[in-house]
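Just dropping this structure here.
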Amino acid sequence: MLLSPMEKAGILVEALPYIKKFYGKTVVIKYGGHAMLNCELKKAVLTDAVLMKYVGMHPVIVHGGGPDITGMLKKVGKESNFVGGLRVTDDETMEIAQMVLVGKINKDIVSMINDIGGSAVGLSGKDGNLLVADKKLGRVRSPEGQDELVDIGHVGEVRQVNPGILTTVIREGYIPVVAPVAVGEGGVSYNVNADSAAGALAVALNADKLIILTDVEGILADRNDKDSLISTVKMDEVPNLIERRILEDGMIPKVECCVSALRGGVSTTHILDGRVPHSVLLEVFTDRGVGTMVIK
Amino acid sequence: MLLSPMEKAGILVEALPYIKKFYGKTVVIKYGGHAMLNCELKKAVLTDAVLMKYVGMHPVIVHGGGPDITGMLKKVGKESNFVGGLRVTDDETMEIAQMVLVGKINKDIVSMINDIGGSAVGLSGKDGNLLVADKKLGRVRSPEGQDELVDIGHVGEVRQVNPGILTTVIREGYIPVVAPVAVGEGGVSYNVNADSAAGALAVALNADKLIILTDVEGILADRNDKDSLISTVKMDEVPNLIERRILEDGMIPKVECCVSALRGGVSTTHILDGRVPHSVLLEVFTDRGVGTMVIK
Amino acid sequence: MLLSPMEKAGILVEALPYIKKFYGKTVVIKYGGHAMLNCELKKAVLTDAVLMKYVGMHPVIVHGGGPDITGMLKKVGKESNFVGGLRVTDDETMEIAQMVLVGKINKDIVSMINDIGGSAVGLSGKDGNLLVADKKLGRVRSPEGQDELVDIGHVGEVRQVNPGILTTVIREGYIPVVAPVAVGEGGVSYNVNADSAAGALAVALNADKLIILTDVEGILADRNDKDSLISTVKMDEVPNLIERRILEDGMIPKVECCVSALRGGVSTTHILDGRVPHSVLLEVFTDRGVGTMVIK
Amino acid sequence: MLLSPMEKAGILVEALPYIKKFYGKTVVIKYGGHAMLNCELKKAVLTDAVLMKYVGMHPVIVHGGGPDITGMLKKVGKESNFVGGLRVTDDETMEIAQMVLVGKINKDIVSMINDIGGSAVGLSGKDGNLLVADKKLGRVRSPEGQDELVDIGHVGEVRQVNPGILTTVIREGYIPVVAPVAVGEGGVSYNVNADSAAGALAVALNADKLIILTDVEGILADRNDKDSLISTVKMDEVPNLIERRILEDGMIPKVECCVSALRGGVSTTHILDGRVPHSVLLEVFTDRGVGTMVIK
Amino acid sequence: MLLSPMEKAGILVEALPYIKKFYGKTVVIKYGGHAMLNCELKKAVLTDAVLMKYVGMHPVIVHGGGPDITGMLKKVGKESNFVGGLRVTDDETMEIAQMVLVGKINKDIVSMINDIGGSAVGLSGKDGNLLVADKKLGRVRSPEGQDELVDIGHVGEVRQVNPGILTTVIREGYIPVVAPVAVGEGGVSYNVNADSAAGALAVALNADKLIILTDVEGILADRNDKDSLISTVKMDEVPNLIERRILEDGMIPKVECCVSALRGGVSTTHILDGRVPHSVLLEVFTDRGVGTMVIK
Amino acid sequence: MLLSPMEKAGILVEALPYIKKFYGKTVVIKYGGHAMLNCELKKAVLTDAVLMKYVGMHPVIVHGGGPDITGMLKKVGKESNFVGGLRVTDDETMEIAQMVLVGKINKDIVSMINDIGGSAVGLSGKDGNLLVADKKLGRVRSPEGQDELVDIGHVGEVRQVNPGILTTVIREGYIPVVAPVAVGEGGVSYNVNADSAAGALAVALNADKLIILTDVEGILADRNDKDSLISTVKMDEVPNLIERRILEDGMIPKVECCVSALRGGVSTTHILDGRVPHSVLLEVFTDRGVGTMVIK
């Protein structure tokens, strides 16, 4: 489609109210799934972040890294066991996971942002003790049919956020990119869930928005009907949605992250379809968001 | 034309390189002519300024006011005489001119910017001695065919700029709107040419761009052919353009303002068609400007 | 009278305790009446303000403009109607009033201050949305003898003060001069009472003093006896003074401005005789004030 | 003489141009002689300094202390020898001198300033290594009629000024009071001439004025005629004045201090009659100074 | 003993936890007794202070001066009377005391610190009205066996601390050295107890530690057994210690100073043996303090 | 060896002159070799850095990572080829190298520093475009005996340093730890020599010292005699040392790094024996360094 310059100007002008509204606000973006694997989508998301920075917002990117970790483990001939959906993370697995998250994915994102024209700084939860975690136990069903807690290694739960280094780099004009590796007692590394890390950072940074990129349209009233997107969910309705099985499986923890962020003071939270190019920009700069907003 | 949200996002993304390029830069906009009379155009120009402010630029607006002054003079039954194109400005005329420029036009612009969502502060050249002028004499042909200089009252030429108050309000996030009334010896008021005032301010503020809004397409190679727009003029070529009568009449002083601003350190200067909505935005945020750029 | 240098020094020294007492304090001066019409008195008031600035105080001047507005309206052949003492202010009247207040009186004051050696910046209530007003209705006695509210056009009442631009220019060393034109919904202009505007600004600026210049000695116990000046009035006594008809007519709203400023946190308020040269200075720098002080 | 309040106001107003002129300027005052002994004069000088501080100037006081030192030495039964006008200062004499200068005179001045309403901080040249001195030798005529240099103990010459502590206390609003005790190699104390110390401090502080209070009218063309005061001396004329014996004895080093300060960048220097109350104020705030000004 | 470089490094490393713990903390050191008389000990104490400053702490030194004052009084043939342990301080005695404290001892300490490599500034309680005192009366037993209060001259009790000048010099990197001379009504000088002054300053500065150097080991459970040192005393135990005569005489007021400082918010207080070289450093940088710590 | 507390204090005091000398200075430490492999030595080096930070210096750590990279490559079954001593670094090798350097070694160092009590932030040359590199070609001997340049992949040479992110984290109190991965055109990763990176950073940060930890005693006059350590080398002597074969092989590039840093403005450079515990501390805080100092 060919737009005249004047039509283009009109669209910039339409964005003005949103630019005003979010000026100086912090937005934490959990970046994962398809948006990380497809090069086009990746560039779109990171361009959105750079644009947000230039118009006065403070985007913070938290990334995951599942498939790459699995790939690398395979490469070194290490098999993965899972307990209740969580990878059993022995020392070697943790080392590999950390290398992939911090040394590969994080730096790729940093490079791409810099290349687009922003200025990014990659951090892990170990830098400046940004993310401090406690060990998290796995839950397994015993032969007697009871839940038992088992040690699954370096899997952690964020207990404390020290946002000093983040606020420093934000204030200096950088876009921080955070890998979900936390530090525990005695400097031990812990893998933490990237959604949870994003939520905890959003609270600690007093962010205005938490955006979680997923590989679905958002919350669908009928999961077989893509037009049944629920555009807004109040946090009080969540239990009912779970009961009615509208929320299931992987979506439940994401929504719970949103609820917990809302309780911690974040203004709005969003579950967006990361497969739509520039979905973050659309959410922030236009009337019609492209996913589900979870609010107080 | 109906754009999908994604197409809109694409256009925002296209603007990114320009947003980056002009981040933190000062742009002085001489605002006059049609763009001041037509309400739609007026809103478009001022929206452009607000948008520029939000994406990190520092727009400064300098306005003229001819027709309104003439209207008011008529209302009070005061006739105007002209000498060499300059209005003979006796005390009463000056008083009326100042009232119209400072008390009407300036405040209308301020109100409209505030209404659009910016925050404007109106100033005259008397505030903080922003514009200091010397008396300018009119040039008249004597019966003997010789040029003679005659006193034409409160017509001045900017001799000095004290930009302190401007930099203060810019730094605090306001958009300054300047009326072309200067102060002379003993606090006397002087009417100064708005183009010249804009040029002098651009130099004093170390501005990146000076934009002069006019009621023509720009500089036309053939004034009868609107498609003959010259998009770029080097300042060295100006004398030749005058000689070849490509530059004539009212355009000459505007181009001379540009040249003088370039000599004073302004990076680029622009003569834009104020009748095109959002021409300022187009100039700043797209590849294809809509007028003539005068450069070093 | 010829003073020896040493006698002069003695007088400077006498001022020291007052200079100390008011160091860094904000004083809002409502400037109007005779003090604005007589050139000598005008210079005296503004010199006082400049002197106050130099010895570390922060004077803010709010001016009125009645006679000049009336004069200009006459000039353009516009008659004025009054309802309950308030001028019916249609669009044209408002335009003229604003031009006179903002474009003439305000700039004259600014020029004179700059000429005396201070550095003034003129502002209206529209700049930076300094004064936001609601429409005020006139009160008229119906033929049936009942009070009725009628629309009298652009007459407003200050609802909100955004002092940002004032504190900015004060901090940078300028003396702000404020014209009593406020902004309402949709950028509409409103004429507001200058005494009230001064009072509202004094509260918003957390001023130490509000000084209202008038054309009388102050509050007289017996209005026929100029020696019956009441030098101090406690705000609780005001109702009684009104009942006893010691306060009447035009003095009542001025005293009510003072009371309202006191309630808003201003330390002391003063009704001074603007016909006495340097009455502001005398109030501030000597033991014997020259008017009536209204206090908590 | 009884002045009306209005007359008093007039005098304050007269001071305005001087207040403007010296706003933010540093003035070093060498305070000594009669002005230190007479309680009235003392209060007048220090009141002048406090007033200067309040109207935005930065006075720095450097005091001497001759008579008090002599008195204390007598009290402890210590005789003084002089070589070429300089007191031979053995260890015990230095200790006594330092105690009197730093522990008595300095603190008396500090107390009096605080009592008048300023806020003073007393310092010696040892604090923050403010004044670093080299040993100065005495000059004595040998029996053979030749000049010989002899060790006269703790007599020093300022070699270096570290103004850090002074600028700190000035910036924080204090009036510094400096005792002329310097520090040499290994922390040894040195008595330094107070006039020279004042001059060196004026240069190091980039002061606008150096004022030396003396017990004479200034430089007299005819020392027997008190009306023959030379109000201005250019530094180039000094050698000629010495030759013509208009400058003699004790006045020569004072004038040389002035010349040296002028060479170091001080704008004007003044030799004032400390016996005239408020002579400092008169010099600074009125047209007619009361002494001799030495200028470039 | 000869240490290898590596052994030395080890000791520096051992100090690290203490350096971390006290980083940015203020420590008020009351310096007196033997530590002031013996040159070696003096250098050790002041070196400790300089070292503390370099590793990020803010030491403040308050000194006494008894023996030197007595010596000087003797020199001028002035006898001292004591009432209830307090010196009757007439005007002359006060003058001498102030000269010795401020003009001699204080400046000796300043010089020595500067010589060691720190940067000290000496202050008295008169500078910036640092210490404001009320008159303190002496208590004398009448012939009838009753306690009577008698005027003992310039003996004062600290009533108010204005720490402005201290915080200024601390922030600028200087080590302040304070002489215990306070100012009272009308600028009168008062001798105040140095322990009390140190305590009052510690409270006003919100210090972390108050250290009082004495000439004993600390608090001994059995005063004849130097090995019976009580290393920690809770402030609640103090009355009991007094009752059991473990605390007697001169130690009681020192402990009361500590208790009062603790009540004012100081974290820990210490009574150290000033006869042990570097006792301050040992207290701060090693596990084993060398005296008695009084805590909440 | 058991030291008394007092002996310990003595050693702290001995360090004072060095603490003073290096206060506020930046020291870049190239950390590699044995000091990285042995856990005791690692802790010693990092403790030295933390201690330096606490006493006011600004240490910056640049680490290498050879053996770990080789190990990881072996694990994934990737063989390494070398050309002229440089590893041929194809895409996969680069990815592994970056993961090990940035995701493992860097974070291990960060964790250990945080555990010791400092606060570290790990960065790569990609963060904030800290290290920008150009491709470096390998040099190979052709069959004809001539040197030929060959592409050896992601091996780079630092062309530009953008120290912004480093100065930011230093100023905020963090210890930066830098992995030698640089960014080239289009965001491509480059492996850069850690010694060179350290040198380039030292120059860009205007560091006072560059310290290169090695696995030898320093420069030995006779490499078979460990007592023949040359403690100081002037940079002019280096060519002669190379000619005399005192400098050979791996030591030559290290010395050349030093020379290049010296030329760039670094004050002193040091080649230290990383096998000696606390060698950094010894170099900085004692008279006897433990290696060779290369100076201008």
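Points worth noting:
As written, the chain order gives the labels A, B, C, D, E and F, with residue 1 at the start of each chain.
Note that in this section contacts are C-beta pairs under 8 Å (C-beta built on N, C-alpha and C of every residue); 3 or more make two chains touch, one makes a residue touch a chain.
For each chain, UniProt lists the protein as follows: A, B, C, D, E, F = Acetylglutamate kinase.
It should be emphasised that the depicted structure is a prediction, and the values quoted were computed from it without experimental measurement.
Number of steps on the shortest path from subunit B to subunit F, with steps defined by chain touch: 2. With respect to subunit B, maximal separation of chain centres occurs for E (centres as means of Cα atoms). For the pair subunit C and subunit F, the distance between C-alpha centroids works out to 70 Å. The distance from the centre of subunit D to the centre of subunit E, with each centre set as the mean of the Cα atoms, comes to 36 Å.
Separating the CA-averaged centres of subunit A and subunit C is a span of 57 Å. For subunit F, residues touching at least two other chains: there are none. Interchain contacts close the chains into one ring where each touches exactly two others, per the touch definition above. Of all residues in subunit D, those touching subunit E in their complex are 72, 75-76, 95, 98-104, 106-107, 110-112, 114-115, 119-124, 126-129, 164-165, 168-169, 172, 174, 181, 183, 186-187, 189. Those residues of subunit E that touch subunit F in the shared complex are 1, 3, 5-17, 19-20, 23, 44, 47-48, 50-51, 54-56, 116-117, 276-278, 281-282, 285-286, 288, 290.
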